[in-house]
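Got some structures for you, see below.
Each of the next two complexes has chain A plus one more chain, namely chain B in the first and chain C in the second.
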Partner chain A sequence: MEDEAFTDISGKPITLDCQSHSSFCREFTVSSPKVSIGKVMVYTCSVWLVAYSVFFFTQNTAVLSSAIIVTLVGMMLYIHFVKVDHESLLVIGSLGLQVSSTYASGREVTTFIEMDKIRDIVINEAIYMHQIIYYLCVLMKDQSEPNGVSGVVPLFQSSKPRLSCLVKVYKSCQEVVSRCQ
Partner chain B sequence: MGQRRKVGAVKAPSSQRDSADASGAHSRKHSICMVSDFFYPNMGGVESHIYQLSQCLIEKGHKVVIATHSYGRRTGIRYLTNGLKVYYLPLQVMYNQSTATTCFHSLPLLRCVFVREQITVVHAHSSFSAMAHDSLFHAKTMGLNTVFTDHSLFGFADVSSVLTNKLLTISLCDTNHIVCVSYTSKENTVLRAALNPEIVSVIPNAVDPTDFTPDPSQRQDDRITIVVISRLVYRKGIDLLGGIIPELCLKHPDLHFLIGGEGPKRLVLEEVREKYQLHDRVRLLGALEHKDVRGVLVQGHIFLNTSLTEAFCMAIVEGASCGLQVVSTRVGGIPEVLPEDLITLCEPTVRSLCDGLEKVIAKQRSASVPPPGSVHTRVRSLYTWRNVAERTEKVYDRVAGEEVLPLAKRFRRLKSHCGPVAGTIFAFVAILDFLFLLLLQWLVPDRAMDVAVDATGPGGLWRQKTGKRSETESKRATKQAAETKTQTQ
Partner chain C sequence: MVLKIFFPQCCNRADSGLLVGRWVSGHDSAVVLAVIHYPFIPGQVKQYIQQLQAQSGVELSVLGSWSLPKEGQEGLESFIRDLSTIFPQEPWLQISRQVGKTGFTCEVLGRDQIGKAAQQEEEEDEEKVIFVHYEQMKVMLSQLHPIESQNPDNRSEPPSELRQMFQTVARSELLFFLDRYDDGPLKSTHWQSEGREASIIVELLKRASVPLCVFISWLLSVWTWFCNIRIFSVFPLSFLSSKLSTCVQLNYRTEHLRTLSSPRAAEGHMEFMRKANILVSVLVDVALGVLLMSWLYRDENISTLAHTLVPAADHVARQLEELLQWLMGAPAGLKMNRALDQVLGRFFLYHIHLWISYIHLMAPFIEGILWYGGLSACLGLTFALSLLSDMVALFTFHIYCFYVYGARLYCLKIYGLSSLWRLFRGKKWNVLRQRVDSCSYDLDQLFIGTLLFTVLLFLLPTTALYYLVFTLLRLVVVLFQGVLHLIVDFINSFPLFSVGLWVCRSYRLAEGVKFRVLCDEPGTALHLLMEMNPLRFGSVLQTYRTATYSCYPKDSWGALVRKLFIGELVFPWRHKTTKTD
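Then we have the complex of A and B:
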């Protein structure tokens, strides 16, 4: 029931909340900081300044109104589809994993992975943009082949916590997963 | 300033380890990053050199990682035998599996590798590899010690070699140490790159003696078989071979040729075969995989090498290791490779090679050649990878104590070594590289990067049984316990 502070791969602070509902059910929530008002101001101002300078030369008011629409629509799209506030992983032994992410607008996307489709949960390394990072992922069982891996589902995709945080979640997950199998 | 601080930070842990580990003078363990464009799945001499050397260094307790560019869908991080970690970085390939060199675009990823693996020595391979030169350049900017291994000989005359030599001069003038595969190669590199010979070491290649064992039962005793295994290109003297075949086949009716390899000069050999009707006596096997080479070698009595230029000929060592009599041209580094009684050296002419072969054939007929087994035992002690690794380790020990040139000194070195024009240009590029590094350090500070979990080296977590598992999986010890439980279910 405690909140722990970690950082993500670019050094921004995030918090990890571990909740142990029972011995075989645990929930991990990674929360990123909210959208800062400063960032919103900077983006809005820059769009409007550009629009105003274009308006200054063209004397076309459509530019200004389109700038307003662009900022409003952009902001809505951003909070609805891009900005994730919380990502949570609910591990229920013998049942499965529930992965959900809550967007800044309140929209929630949830997926569930059955336990008998999961082969394991591992920490893996990958090249992401111009960095090499660790990430937590679920290995999916290949139905045709007992030892094969048919796919990989990465967890905490948008918050991207660092290794120290991943290790904590990983160990805790393994305790539950190994107990029920 | 940033450079010196890094050197200190990097060296501190290893010296602590030194004092903790009191097992002799060579107890210092390095974190080595091998960089080259050429690595498996690409096949060749450089690739196997890097792999074998890395394996022996891991055995000696050093931490080794390899960085190369991605091959097709093989991108990301893989583990090979004994926890050898390979970074397949997504860099654009330009020509002949060599990446584009812009001096900058590879910095973010290479820096990431160097920082997270806490690399102390960067070891670049092959002068054909742009990525190797890039990594040397970045490593020096980041204040890491650098070693370079040259695997090939170059000319001085044509435009492309003039340009390559200039680039090599720039790349090597502030590299800490250079390794060449033979004395001829050393001479060549020192001349090409205008280096101080004292910082150039000679460490020859090695063969895996367990791979190349003799098997006389595979030979057919009613005939004498000459084996040639090389790429069929001009450099390997295939035109000479085309001259030798008809002459000797005419004189010795029981002589057979077995030729492995592929290349543009195959036509020459096919023409010869057609013209003299030698289809049953000259067999062209086409491209051979490395694992099949031994099977071909043991069928022969004599190994023939007709190279026109060669830094260090692996093929003749492999031939001798299989117990064959070796006949070769006296070019490049070949005379240093084998002791005189194991090899017959000839001038690179058809006449001289025929004479040499006749002599060996006569010896073979009179059965006065040493038995294959005794040749093998002599060769197996000559070139072993453990010996190569030991000598490379000494280079690392020496390099680790050296200072990496700070920026100002590096400029002076570049200007004095590479001429006023190229020197100034590359001094400018070095400044840009340094500024780019500062920008990256501001964007993603070193402390925001996770230090990688060591698979090899003093704190290595790699265990033997992990070798069975899929190479893409992470190999954390805790996970493994869970994994075995999963499997027993």
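Then we have the complex of A and C:
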């Protein structure tokens, strides 16, 4: 089990945790930085200041209570639906690949892709405006064409690690997948 | 290659015995279904397995041996090891577990090694086995989505490993009927070995449903005979019955009841869910309708409603008259053409006068109509709403007429204007080539054409204003009817049973599986726990929505605006045939 620090494409620090359960079963977890308390306080204070100034002019208390409710509901929705805490990839040789993302509230979204449907795991590059972004993806087999690719499933979409981190994961995955195919 | 063994969680503490299951072809994996305990007679085991294979169609076989040694059972080990000679199979699995340790050990004996003394396998073979623990009840009852068609000829490639595993467990229901209270020669452990559970209410309902289905199908046959009487095929009635939403809803529900009352049990998951959703939808509909009736028929609500309807209609008529008077004057500061204005205004005023006399004629009967119409709510809320929509359409018939007159006039004017504009520029519409061509007109043609063009152009604001006002009124009515139809459509198509299943027994609708690594000791085989990944709510709605007759406009928004601009008549809904998703 190793824990290393890398950066994502915008420069924020992320950590990669590799766990080897067996010679053909490995788990990689990429954790994003947590919600910073400073940012939360800045947003809350600004919203409440604006609400208080509106209240000062209109003398309507509904503005204050609605600001509180909006802040609370917005925060709950953010940590439940938007903020990803960590994403993990579980590679089980000859069974398949499990991709899961855990949100800050603890909600987990998991997908399992069977080994029969996987053609390969590769690092692909995407050109977005002035940047070239590397991402790890799974190529799915096409039923009709023997050498075709029917779809691409990108991995680690929220954490977006950089190439150094992806190369490590890629090498480890390829060891498992090639040994069992 | 890595060997995958799907092991049920209920057998983790089973006594030593034989493993019964199935080898999944082509994937190097085995599904263990049950453990048959010592003491047993091998011949009887073989017979039992062959009997089950014939009845269920699953290729069951003895996979190997399972040993969980307890005190006083030392000799069992060698006995069970020697069984590999009696059941010659492909690889023979010897799974053993020590009380107190969490891991299993597994030895795989190939065909050529059966019969030899148990040899020490190399260490690395132990690590090439994966134990996937699954909960048998959940796997048996759950259905993997997307659902593949049952017909094996249609499928191009064989089903995936997980699907085959799910199908194996689902089809081996007969194996799970043998519980420990049976007095047979064999004792086995599986998820139902503690005793089969059943519900008395469910069994009673199953018994009661047969005569009920017969009765409902008899009722339906009487109703169908009544509907097919020749008099209903005469032109006006058949046209009306296709336009009235009540009749359409009646037909729709009759189809549903016909599906429900068929004596055949549902085969396949989709048909079962469809029947269940239809049944729950009909019951909810009737319950809501009865609720509406209980509100309507108490405290003289009907007479209150009837006594407010006629004054409301009077009020609407008066508002319309005021509107027309305003249009006949100088509406919004625009100067209208006096003659045309008076003609159109007087024509519409007379129409309103006719309609008001018709309403006053009907006034004494309204309460009766409402009373009998309210009775239709006992068939369901959807019928009451469809009836309401039809009554609204009937009572606003004059608005529909005004709209049609205004639209036709406006449409004619626009066509005339566009054609004369082309003449003004020296062009012509070529019908043969469907395009605009240049044309040389005579002088008198040009003269009359230009004159008519100016006349029509200056009369345009008047007609356009009348058209605008009546189109807006018509759209308001159409909006109200649209809301009613939306509610009816929602009650018809919402799969309440599937949503209830998703809430209470979410493992039955599975999008896939998820694995968790169970804490293992290094050097032993890998243990994984397989759990159901429940379907998302959106997918539940999409998969199980009941097909309904379409009430959505078949024009896109752009086409609708274009039609309104030109003056073509807009029919917001045409009932297409049943929409299948």
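Keep in mind that, in the parts below, the second predicted complex is superposed on the first by the 176 of 181 C-alpha atoms of A that agree within 3 Å, B and C clash if a C-alpha of one lies under 4 Å from a C-alpha of the other, contacts with A are read in each partner's own complex, and residues count from 1 in each chain.
By definition in this document, a residue touches a chain if its C-beta (ideal position, glycine included) is under 8 Å from a C-beta of that chain, and two chains touch if they have at least 3 such contacts.
Everything numeric in this text was worked out from a predicted model, so none of it was measured.
Student: Give one word, clash or fit, describing how chain B and chain C relate on chain A after superposing.
Tutor: Superposition check on chain A shows chain B and chain C fit without a clash.
Student: Using the superposed model, give me the angle at chain A's CA centre between the CA centres of chain B and chain C, as a multiple of 10 °.
Tutor: 100
Student: Touching A:S172 in the superposition: chain B (first), chain C (second), both, neither?
Tutor: neither
Student: Of chain B and chain C, which one contacts the greater number of residues in chain A?
Tutor: Higher number of touched chain A residues: B.
Student: Touch test for A:S66: chain B only (first), chain C only (second), both, or neither?
Tutor: neither
Student: Please work out whether A:T44 is in contact with chain B alone, chain C alone, both, or neither, and reply first, second, both or neither.
Tutor: In the superposed model, A:T44 contacts neither chain B nor chain C.
Student: When the two structures are overlaid on chain A, which partner does A:T102 contact: first (chain B), second (chain C), both, or neither?
Tutor: So A:T102 meets neither chain B nor chain C here.
Student: Is A:I123 contacted by the first partner chain B, the second partner chain C, both or neither?
Tutor: The answer is first: A:I123 touches chain B but not chain C.
Student: Quick one: classify A:G11 as touching chain B (first), chain C (second), both or neither.
Tutor: After superposing on A, A:G11 lies in contact with chain B but is clear of chain C.
Student: Could you state the shortest Cα distance, in Å, between chain B and chain C after the structures are superposed?
Tutor: 14
Student: Sort out for me which residues of chain A touch chain C in the complex.
Tutor: My answer: residues 21-25, 27, 90, 92-95, 98, 100, 110-112, 114, 116-117, 143, 180.
Student: So in the complex, which bits of chain B are touching chain A?
Tutor: Residues in contact with chain A: 75-77, 87, 89-90, 108-109, 112-113, 116, 444-445, 447-450, 452, 470, 472-474, 476, 478-479, 481-483, 485-486, 489.
Student: Which residues of chain C touch chain A in the complex?
Tutor: Listed in rising order, the residues are 1-2, 4, 28, 127-128, 130, 132, 156-157, 160-162, 512-515, 517, 520, 526, 528, 533.
Student: Provide the residue numbers of chain A that touch chain B in the complex, in ascending order.
Tutor: 7, 9-11, 119-120, 122-127, 130-134, 139, 149, 162-164, 170-171, 174, 177-178, 181
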